[in-house]
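Below you'll find a set of structures to go through.
Each of the next two complexes has subunit A plus one other chain: subunit B in the first, subunit C in the second.
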Partner chain A sequence: MIVRALLTTWMAVIIIAAFLYAEAAQGFPGETSRILFFHVPQAWIATLAFLISMIASVLYLAKRNVKADYIAQSAAELGFLFCVLATVTGSIFAKATWGSFWNWDPRQTSIVILLMIYGAYFALRSAVPDTERKRVFAAAYSILAFAAVPFLVFVVPRITSSLHPENTMNPASPGMDPKTLKVFLGSLFAYTGLFVWMLRLKIRILTLEGWRVRDLFR
Partner chain B sequence: MKDGLNFVMGVNLVVWFGIAFYLFILDRKIKKLEDSTYNKR
Partner chain C sequence: MHQTKNGRQTTQTRPSTYLNEAVAIWLRDLRSEFRTRYALNAILMFAVTTLIAVSFSIGSFRIEEAERPFLYAVLLWIILTFSALSGLARSFVKEEEAGTMDILKLSARPQAVFLGKLLFNLTLLGAVELIIVPSFILLMAYQINFPGFFIAMIISGGIGLAAGTTIIAAMISRASARGALFSALSFPLLLPLMITAIKGCERAAVGIGTAGWPEVKMAVAYVIVMVIMSLFLFPLVWEE
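On to the complex of A and B.
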């Protein structure tokens, strides 16, 4: 409870710092760069969630542990959610910076393809009636789906010319303002905590549903 | 510009506290269900 209260407070502090403490980055119109304190962590958490889903899927296929399937499903759902959030915040930034919400920019296009790939994961889970087969197929699909993630998130946007900013908000760049870096890293930490909280809740819900189904057949 | 920024910050804070409140309530409901499920077992 204390940890969740601290996380709630921390995220509120980050939101305030993003608007009042951090400086607006150079080279962006007005204050538009501030959205990147939210957009970039959302994209990172989506990637992390898909990675966790893939690892849990490998564990499920290796040991047939039901909890691994719950983790894989929950992580994929949250990855999808954060991916949608990253797409929405990216579109808002695109409107403010490039004049339209959607430009078929390589980064925008690759994130939509990623959403479709993981949308198919949920369609697969819904389509298979047998529970055991559903888990096996979903696990296999999750592993294959993750093969596309590094390519779509890291490779495609770099081998094609893109409007998407690269260096200005890159923490590894020596030019990043120290205040901006602090808020950015704080935001990344806050989003990670939020993801872990939501993941645990989802796993507990699936576990309860599993118990309920088993009790029905007793 | 500053007023606009404060407004957006305010909206963000309201949305965040709404989400956190929802997660807290959900957490409590799940805890109650877990307690009643484990007591039955």
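On to the complex of A and C.
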């Protein structure tokens, strides 16, 4: 309860600070650079969720613990949500700065493949009727997809000539405004907190659903 | 044949290895495929139909000469990938439909089943490539400057297609809506390979040099990763 209240307050502070405290970065039209505070954490969560889902899948296959499958499924669903958010916000930014919503920039290519993998994962889950089998297949697919993804880094064309602004807005580079850096890190923290909270909620829902079905057939 | 103490005859069995189990499954699948030709016909008809559609609507001279190496590579790999997606699931689906899955589980080790099915899919895809690729080159007047590199790319890309999809075929044979699901699950895994193969075929046609054979190496690396991952994961999927 108290954690939720703190998270809400923190998130609100970050949103206000993103628009009022931090200054718009140089070299971007208008206020567009403020997307940094929302888009980047979303993309970070999408990737983190994908990683968590894969690790939980490995754990499930090793231990056959239902809880691990709940984590894998919940992380995948939330990852998909944040992936869509990152795609949409990124696309709006692309329109504002590069002139088109979609131009198959390397970043756009990789996020689309991530979306496709998530989509395939859900399609697989919904198509296998047997519960136990569904979990094993989903876990195996998740691991397989994770093994195939790194190849994209090498093959996606023009990876070095992406229009995606990272050198100008990289938090690690000394060029970043300290105010921007503060809000950005705060936002990263807020989004991660939000994700963890949502993840735990989703796992609890799945656990309760699992109980109900099991009790019915007892 | 051996005589045992009580006079009964038993057959001497050789210890079976992964390899001869895999080969046995491969030969059995080939024999049953040769009788029905179901999978080969399905894939080949799909491939030929697409090839004719492409050739008819584009022809050999519609595309500018400078654009040809890239666009032809794209068209060729779209035909090959989607033909593979249309039929490679057959290798496991037929076991499920014929009810022979359980017998197969008893008679061979999972890794051997995987290797046998992979060999079968490779044979199938090889046969399709043998027909489609020369026809494509003839119909589209495809100029290739490095035939050796081109052939290596077609072969390694074909192996990649089979390596990436065989375990998916095992999964979807137990699911509903198999055909659509097979493509949906396989495509994200095949995309890196497809992009590599397209770049490789473009390189073979455009004549910018093939030093180091980067795309072929990439496809081989993809095959190795996918086969090793599949060998780890397949027993879990198979025994479920």
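Here is the rule we go by: the second predicted complex is superposed on the first by the 205 of 218 C-alpha atoms of A that agree within 3 Å, B and C clash if a C-alpha of one lies under 4 Å from a C-alpha of the other, contacts with A are read in each partner's own complex, and residues count from 1 in each chain.
Simple rule for what comes next: contacts are C-beta pairs under 8 Å (C-beta built on N, C-alpha and C of every residue); 3 or more make two chains touch, one makes a residue touch a chain.
Predicted, not measured: the structure shown is a model, and the values here were computed from it.
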| item | value |
| --- | --- |
| Partner chain(s) touched by A:Ile15 [first = subunit B, second = subunit C, both, neither] | first |
| First, second, both or neither for A:Leu185, with subunit B first and subunit C second | neither |
| Contacts of A:Leu124 with subunit B and subunit C, given as first, second, both or neither | second |
| Subunit B versus subunit C as contact partner of A:Met198, first or second or both or neither | first |
| First (subunit B), second (subunit C), both or neither touched by A:Ile143 | second |
| Residue contacts on subunit A - larger count, subunit B or subunit C | C |
| Touched partner set for A:Ile113, first subunit B, second subunit C, both or neither | second |
| Which of subunit B and subunit C A:Leu6 touches, first, second, both or neither | neither |
| First (subunit B), second (subunit C), both or neither touched by A:Phe151 | second |
| Shared subunit A contacts, counted only where both subunit B and subunit C touch the same residue | none |
| Contacting residues of subunit C [partner subunit A, same complex] | 164, 167-168, 171-172, 174-177, 181, 184-185, 187-189, 191-193, 195-196, 199, 218, 221-222, 225-226, 229-230, 233, 236-237, 240 |
| Subunit B partner contacts - residues on subunit A that touch it in the complex | 4, 8, 11-12, 15-16, 18-20, 30-31, 197-198, 201, 204-205, 208, 211-212, 215 |
| Of subunit B, residues touching subunit A in the complex | 1, 5-6, 8-9, 12-13, 16-17, 20, 23-24, 26-27, 30, 33-34, 37, 40-41 |
| Contact set on subunit A toward subunit C in their complex | 61, 113, 116-117, 119-120, 123-124, 127-130, 132-133, 136-137, 140-141, 143-145, 147-149, 151-152, 154-157 |
